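Per-chain numbering from 1; labels A, B, C and D assigned in written order.
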Amino acid sequence: MTSDPRRLLPSADPVSLIDPQGRSADSPSYAVPDDATLLRALGSLITARRLNDQAYALVRQGRLAVYPSSHGQEACQVAAAQVLAADDWLFPTYRDTVAAVGKGVDPVEALSLLKGDWHCGYDPYEHRVAPHATPLATQLPHAVGVAHAARMRGEPTVVMAMCGDGGTSEGDFHEALNFAAVFRAPVVFFVQNNEYAISVPLARQSAAPSLAHKGIGYGIAGERVDGNDMAALLAVLGAAVARARAGEGPQLIEAHTYRMQAHTNADDATRYRDDAEVAAWVRRDPITRLETHLRDRGLLTDEVHARFTAEAERVATHLRDGLNQDVTPDPDDLFAYVYASPTPQLREQAALVADELSREGAH
Amino acid sequence: MTSDPRRLLPSADPVSLIDPQGRSADSPSYAVPDDATLLRALGSLITARRLNDQAYALVRQGRLAVYPSSHGQEACQVAAAQVLAADDWLFPTYRDTVAAVGKGVDPVEALSLLKGDWHCGYDPYEHRVAPHATPLATQLPHAVGVAHAARMRGEPTVVMAMCGDGGTSEGDFHEALNFAAVFRAPVVFFVQNNEYAISVPLARQSAAPSLAHKGIGYGIAGERVDGNDMAALLAVLGAAVARARAGEGPQLIEAHTYRMQAHTNADDATRYRDDAEVAAWVRRDPITRLETHLRDRGLLTDEVHARFTAEAERVATHLRDGLNQDVTPDPDDLFAYVYASPTPQLREQAALVADELSREGAH
Amino acid sequence: MTVLASPVPKTEVRTLSMAQALNQALRDAMAADPAVVLFGEDVGALGGVFRITDGLTAEFGEARCFDTPLAESGIVGMAVGMAMNGMRPVVEMQFDAFAYPAFEQIVSHVAKMRNRTRGRVALPMVIRVPYAGGIGGVEHHCDSSEAYYAHTPGLHVVAPATPADAYALLREAISAPDPVVFLEPKKLYWSKQEVQLPVREPGIGTAVVRREGTDATLIAYGPSVPVALEAAEIAAREGRSLQVVDLRSIVPFDDETVCAAVRSTGRAVVVAEAAGFASVSSEIVARVTERCFTALAAPIRRVTGFDIPYPPPKLEHFQLPGVDRVLDAVDDLQWEQ
Amino acid sequence: MTVLASPVPKTEVRTLSMAQALNQALRDAMAADPAVVLFGEDVGALGGVFRITDGLTAEFGEARCFDTPLAESGIVGMAVGMAMNGMRPVVEMQFDAFAYPAFEQIVSHVAKMRNRTRGRVALPMVIRVPYAGGIGGVEHHCDSSEAYYAHTPGLHVVAPATPADAYALLREAISAPDPVVFLEPKKLYWSKQEVQLPVREPGIGTAVVRREGTDATLIAYGPSVPVALEAAEIAAREGRSLQVVDLRSIVPFDDETVCAAVRSTGRAVVVAEAAGFASVSSEIVARVTERCFTALAAPIRRVTGFDIPYPPPKLEHFQLPGVDRVLDAVDDLQWEQ
């Protein structure tokens, strides 16, 4: 061991730069991002919240089958996208629609999975956003591969690979972190620890001092950050991206946050947690916190706030309009993308469906 | 975090109690085992080496298909068995035949897998030794289940779950450690880091400061021990077993040792490592080291040594005799154990084989 | 461990959904045998995403029905160890496709431990898999994965189609000496039936004729049984008498019942939701044809899912073998030879 | 990345083992396309436990052919990412059964990525699997796992039976736009043939008639092709003319060639090493019967592995479909109707 391996351990407490009352707190290692960055982040946060709430409403209206909201986790979502360059990749989970949107994906396309039109509604190459991953942690090895390929070609790409606290228990989490470390792949593993995996609380998921303590076991530096503190997230994730880009290998960041709503609208959270627990987290809301901070410092005027709200409204309207449009599904699509060109078997099967449809039409 | 999580980190250097020159070295945390224990261990070591070399010879004579020898790792093998009580369980890999024998399994039965007679040649319940595991790390979750079941019933069982450095990369390693920690299952995970996974050196397996550093990521205390130091192994593994039995949950021990021979007789180690590297490890041989120590302290007489050698010879002869006996395989066995009672389909298939054999007999 | 007194055998006739029947089977099995333990993802306080384990933690305690970390290989692997050590674990895979991370454990250990050890180590355990489609689920929530298990020697594979069978088969699976992959057709969870519990018959390995008929035999299992029955109903109105066989058990396979049925009609259609290629439906065609060749007036037809990944909700109705497709296949059975 | 000049096309006829042909195919593919990268367990310095990647790290450098940590899901998952990002990964699973830990990645991602993304993300990658038995390997080293892959839509599945096919199919697999599971029959690694490289024909999806015959058709692939040929040879001496079809490609399946062959003889036997239940051999029987029913004089017979875990070395000869068993099945094809 060349230097003390304990350098790989996270700080005892999550990094925090702005406290729940909106006051900036000191950190020995990270500076509060500049005002413009924070303002921009607030705008994105307001849009993010609006998107979450709009999507949720669309579920109730039957336009979306299901929506795993990141309500309460918007600071993580916004930061994950905001610290990346255009050529960097984002690997989101089903809960990270807002981060994908932050990276440029059209929210209507981002939700086509949950609307039921098609699995992945956007072109992953356009904004370098991988398809939403449903099987937990299975996207993490892909992130390593994307990063490794870029590095082989000497490209400066960094990959942001997201997962939840529950996802850290899967074997693929382990294999991905280990591969990334051994190959020094420029991946930032970003764990949103929102205290629950559906109904299962963190204590049943892990007995570790923190999830960031998993890093040292791979030779990866772990860091913990207050996941409802926009400033700290931008600082910590930004630094991690910079280190990965500089060739320092993978990074592991754990954000401490909270899933404010049920797992999805189909879930009943009252079966496994108290309202009181939720209420305590409402007081730590990432948006109010940053707003208070910026207002207290005179940076956020009512006019700017109105502009942010209008922009959020615009995005919500776009989402609503998009999802209210009915796409007529084309059964040819079933067979068109399984292979580059359909096998003879698939051609036969497609013909059978076409025949059925033409006979139906003839009725 | 109640206490400093860094207590879960291993010591900077592997625990060592007797140095390669046979001198005892101090350790702040562990005492050298008593003389009787060390003498007993030396006897087992001599038998262990003899078994390894006999099995290897039997491969050359065509009596065994293949043998993954633990030559050089015998101290780990002996310690793993010696620290367990009769009611404790051992989960060995394909390289841990000698440990299984140490726990009571007949060496002839232990080698039936590698002779090709049957997959597992012994009754796992008789000595509480699980079948040799071939798919790497997949036995570790089983160990957790056995431990958890025992704990549910209030039994004092501890489970020793073995794997190699390569095995730590598999997802099942991760899942097993995590489950064990969350359920506080009394499992001692014992990693023999012998520097290679077939041809792949440790540096390609992990970038961690040490494999024992993986423990903290699960909330498990990790410890490192010199794997060629019998005294240190007995002390460290013994303490781990005691802690697990006392209800302190799972333990992770990494032994630093070396695979002196090729992966198996079928492997050609000259393709990937130097003789010089091997030679350096010969000087750290676990047997010479303990012998020197015990001789220097006047505890090992020529007479005792001769007794040990004779016992080793007896076991080797038993192995030879056993493996030289040809078992005529019974094709009925193919169908007898797939289910508690064969399905109608298997009965048909068994009848087909019986019919073929009777027709052959009729020729 | 606290052993609760076994409840008085229930004899009243009740209307139960398949979900309720499964829940009751688990409850009765836990009451009957303290070695029965349930675990998996969200099976505790939440009662499972389909509520199949609802109330069991409350009734039997956290030690008997508990949540695990989120790792399917770990869940199945831990069950292997517990089964080795005196317990009867019943684990839940949250959805069909989420059992794949446990594939290695299932194929290399669950299926092989008894054989590996010459019968010394048995693994009495049940892997419950809410499976197949028809509920508008997104990707990875609708796979018909039975072929993977059925092709793996050492597993029993069953799929109930009615609440009564769900109860009977699950009770038998839990008390069986060998591992059972227990496939629960998600779209039938809410289907109801009048049942008098405890039903314990017929056992694993037995197919049943669900509807008598003389012109052709429909062979189905799990989610396709109601489809076959509906097709038979419609065909009857059109003057064609279709027999319906419900396999119930894929492994072991009830050759006797199935072949007798096919021989009685001379024509057959297999209905199954899974992709057809190298599937359970291929096996049914192959083995019934091998055994009943001379009795067949026409080749056995298959109505199955296409060989494509399960489609998104808005397209899934194209994938599911529906009544029309079954009747078309029946029409194709060379009636005017 | 250094791109080596593509070597001069080899035109001499050489005697090559299948292992050598595979090695040459990898070498030629790497020389032809700098995007081709090889990785897996022990494929670097050691050249793989079967030496299929021998010399490739030395020739192309550590970046193009490298060892990974020991984790199959990680290997396949990393390959998915590399294929998404411009590379053509060729990964080795050390033995058949050691691919199971990667099952989730293979089924949920490798097979589905193109479809998931409406063709936007293609995964040009090859998963090489040394497979099947007959080499006296211990447990987990002899599985015939083709059914698991063949049943999974989105994968191509091929299995060569000759050195020339090994070369041609592997080159095509590597340059194909879609993922290919490439099954290498271990027991044929050392089988030899005179080959003139580079062979590039026939392509994936094409079966070939390896031996003409008029009385019955043997359908085989991979390790069973030499068995079928030997059986045909012996049958010929006894006056029975057997045709042998080598599938080469399981998915896509060459219905045309296979059905034409079976129609020409009216009788068929499928030979395959894998357990028969719900397998590729079931599929062959089912689809050929569906298509050629009226041409069949007898039901198609299967000679397959039994539905048991692969036996230990001393018993494996009972499991392997041998010449005698094939000839028995041929005898059973209702010759005296």
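Methods note: a contact is a pair of C-beta atoms (placed from the backbone, for glycine too) under 8 Å apart; a residue touches a chain by one contact, two chains touch by 3 or more.
Just so it is clear, the model here is predicted, and its values are computed rather than measured.
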item	value
Centroid-based (C-alpha) most distant chain relative to chain C	B
Interface with more contacting C-beta pairs, comparing A-C to A-D	A-D
Inter-centroid spacing, chain B versus chain A (mean Cα positions, whole Å)	43
Inter-chain centre distance, chain A versus chain C - centres from mean C-alpha coordinates, in Å	36
Rounded Å distance, chain A centre to chain D centre (Cα mean)	40
Centroid distance [mean C-alpha coordinates] between chain D and chain C, Å	32
Touching two or more other chains - residue numbers and ranges from chain D	68-69, 71, 73-74, 97, 100-101, 104, 108, 112, 115-116, 139-140, 153-154, 251, 253, 277, 306-309
Touching two or more other chains - residue numbers and ranges from chain B	118-119, 135, 138, 169-172, 174-175, 178, 182, 204-206, 333, 338, 343, 345
Footprint of chain D on chain C - complex, ascending	73, 97, 100-101, 103-104, 107-108, 111-112, 115-116, 139-140, 147-148, 150-154, 251, 253, 274-275, 277-283, 285-287, 289-290, 293, 298-302, 306-309
Complex interface listing, chain A residues touching chain B	1, 5-6, 8-9, 12, 169-175, 178, 181-182, 184, 204-210, 213-220, 249
Contact footprint of chain C on chain A as seen in their complex	65-66, 113-119, 134-136, 138, 166-167, 169-172, 197-200, 204-206, 266-268, 271-272, 327, 329, 331, 333-335, 338, 343, 345-346, 349, 353, 356
Interfacial residue positions of chain B with respect to chain C in the complex	118-120, 123-125, 130-131, 135, 138, 140-150, 152-153, 171-172, 174-176, 178-179, 182, 333, 336-340, 343-345
Residue numbers on chain C that touch chain A, as the complex places them	41-42, 44-47, 49, 67-74, 97-98, 100-101, 136, 138-141, 277, 306-309, 311-315, 318-319, 324-325, 328
